[in-house]
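Below is a structure I'd like to ask you about.
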Amino acid sequence: MSSRVEILNDGGYRSDGRRQYELRDISIDLSPRGTADGSALITHGLTEVMVDVFGPKEAKSRGQSVHDRATVSVEVGIMPFSTGERRKRNRGDKRVLELAASIRQTFEPIIQTSLYPRSEISIFVHILQQDGGLLPASINATTLALLTAGIPLTDYVTAMTCGVHSTTSLLDLTILEENDLPHLTVASLPRTGKVTLVTMETRLHAERVTECLKIAGEAGKILHKEMKKAVEARTQKLAQAMEMAPKVAVVGGGSGGVGDVEMEDEMDT
Amino acid sequence: MATTFILPGERVRAQHVNLKLGPGLLQHAENDQDTKIISTKAGELQHSANNSKWWIEGNSKRYIPAPQESVVGVVTARSGDGWRVDIGSAHPAYLDGLAFEGATKRNKPNLKVGSLLYARVSLAHKDMEPELECFDAQTHKAEGFGELKGGFMVRCSLKMCRLLLNPNHFLLPLLGSRFPLEAATGLNGRVWVSSKETKHIIAISRCIESVDPDGGGMDEAGVHQFLGTLDI
Amino acid sequence: MPRPPSPSIPEKEFLFSSLKESLRLDGRQPLETRTPILTFGPDLGWVECAMGKTRVLAQVDAKMVKPPPERPLEGMITIHSEVSPMAGTEYEPGRPSDEEVNLTRMLDKVLRRSDAIDKESLCVLAGQRVWHLRLTIHCLSDSGNMLDCACLAGIVAFKHFRRPEVEVVGDEVIVHHPSERAPVPLSMHHTPFCFTFAYFPDTDTAPVIDPSYMEQRISAGLISIALNAQKELCVIQKAGGVPLSEEQVLAAIDIAVNKAVALDKLVTKRLEEDWKGRKVEVR
């Protein structure tokens, strides 16, 4: 079944006017919401994902707690209004469970769980709108939400999809492109350049994969810059708010905010 | 002594003034005069030299604790003053913190979750949790019991560990003639083995697995040949 | 919920140190798979696959149904897989565990979504009658790497299966009983095989292919690669776990490519042997 839409026209533009390696518009909102310890809203074009993080807190049941580290639990909710046709997915849907399992397994080695024995970190992923790149958007949002919750991570995790159209590779696919092209989802750690998650569901020749992995890794680095910018902006805002507050001696004054960010960076690296 | 194979429900003609029945045998009274002894599991019918003790030796994998048997267990949790130990039975066993040689209220061994133990079942009652001890209750000496450090734990069938405990069985002496090794055989289908070299431990583990009547049931000549193929 | 006791400290330490020396407990090389043993049942499409003590039974049957209106020209394939506690004490009936979700999804991706079977050839009468293939996977015992075993059993079952010959006369469909006309094999585009590699927390330790139960338990991450003998990758699945460099992923793919060619030969040979020994009565 070939679609009526031309994936890549002769001028080298995609159906939504993007170039081959052009990413969609990304916006990040890290303002706190509700009672969550950390939350993040990220949009990749029309895909919109919100993540709330609670924890580290006491594990819900004793059976779930592990004596020497924190457990990570992930629940994914796909909003019925997130797709064109309204459709409710029940919680037992294998696709949703798989999404949750992949997010959990991606973050388990990245979160320093051994710092919080016998506790639980719960991650709630809400998918508000979907237009391709569900898993990468969820992973990026989870990274940001964990950061705002102050949970120690060894690195950022950035994820991106990369598709192949005959011989050219395309980045950040929309749902239209995702349906037609074999594609690879890669989650990478920008600092070491290592990949933690690779998934691919459609047939693709082994030689094409190499290129895809590389390009998706590069895209991850760009994403990392964007995400870092957002975290820095938020930290600066918090630092400013501290300055406004009763005149407790804030070391370094205006530059204190920047200093904070740098320190955080050092801890990351 | 020729071995008699027996199936569940068969009548066993065991008679002795002081008769003791072991696992797999049941005394079944139809009326007051006529009491019969019948078997409840399949296996080899065994009896002691003077015909006073009778039991059936089967080959199962699930361990049912019995007092005074030595077992190899894994610590799964701390509980109160002691530990909960997995010995492969239906319920976890309890090991008191004071059931060690020289242990006092202040000076208890430090076992971590996941430690391996060689212990003896001190209490096994069908309505209670099995209990373990790591010393001889009379002498308060360790006698080889305690934490097992290093090495590897091999799982086998219950028949296999009874065979390994038999001093006449060929396997351990044969392996011992090739390289030095340490072994602690539990009656719960777990054997702890240790040797200096990794490949030796692997060789022991593979030999036990292939000699296991539940797996290959290899004989002495077969093991000789098998050891020849291994790089040891 | 009682979790299965995790391997004890000495066991873990020993396995890590032996894997570091590239020694495996069952005597295999790190990149050596267990040779799968395929047993065919009396019916076509009944296959039992054993890799060591891991055993999976797969069975295919076909039924004539009316296709859904949105896909009138394609046959249907459904895969039923449930891991019952029979396979191992850690599986519980009821809420599926992560492993079970992963197994079901991977089977779906490897066997159904990879287009291994030509669905259009299953159409008998457009919009009226199509074949509905049902694959049932029974996991009999789990001794590590059940996924590869289940995928292999499933794909071999599809290859082994033959559906009854049909004839369309006007608007009528005549299904010929296997005793009247020889049943026909399914038309397949390709044969995907799945290979799983286990990586360990210590980055110096080389990965192992086809992990045993213990190796899987102590591993820090798995990567499953499904591909056919033509070097076409169908599924790559590495959901989290220890981070790997690109080179490591590509190296795993390279190994899987070679293994797939060998496995394809073995499967073809076994299927041929079985077919020769089988008498299909045609009057």
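Labels for the chains are A, B and C, by order of writing; each one numbers its residues from 1.
Keep in mind that, in the parts below, a contact is a pair of C-beta atoms (placed from the backbone, for glycine too) under 8 Å apart; a residue touches a chain by one contact, two chains touch by 3 or more.
Here is each chain with its UniProt name: A = Ribosomal RNA-processing protein 41; B = Ribosomal RNA-processing protein 40; C = Exosome complex component RRP45.
Model, not experiment: these values are computed from the prediction.
Put simply, the chain closest to the centre of the protein, by Cα centroids, is C.
If you compare A-C with B-C, the chain pair joined by more contacting C-beta pairs is A-C. Distance from the centre of subunit A peaks at B, each centre being the average of the chain's Cα atoms. Per-chain CA centroids place subunit A at a distance of 52 Å from subunit B. Each chain gets a centre from the mean of its Cα atoms; for subunit A and subunit C, those two points are 31 Å apart. The geometric centre of subunit B is 38 Å away from that of subunit C, both derived from CA atoms. The set of subunit C residues that touch two or more partner chains is empty. Residue ranges of subunit C in contact with subunit B, taken from their complex: 5-15, 17-18, 21, 23-27. On the subunit B side of its complex with subunit C, the touching residues are 74-76, 86, 112, 114-116, 148-153, 192, 198-199, 201-202, 205-206, 230.
On the subunit C side of its complex with subunit A, the touching residues are 1-3, 95-96, 98, 101-102, 104-105, 108-109, 113-115, 190, 220-221, 223, 227, 231-246, 249-250, 253-254, 257. The touching residues of subunit A, when paired with subunit C in their complex, are 63-64, 92, 94-95, 97-98, 101-109, 184, 189, 192-207, 209-210, 213-214, 217.
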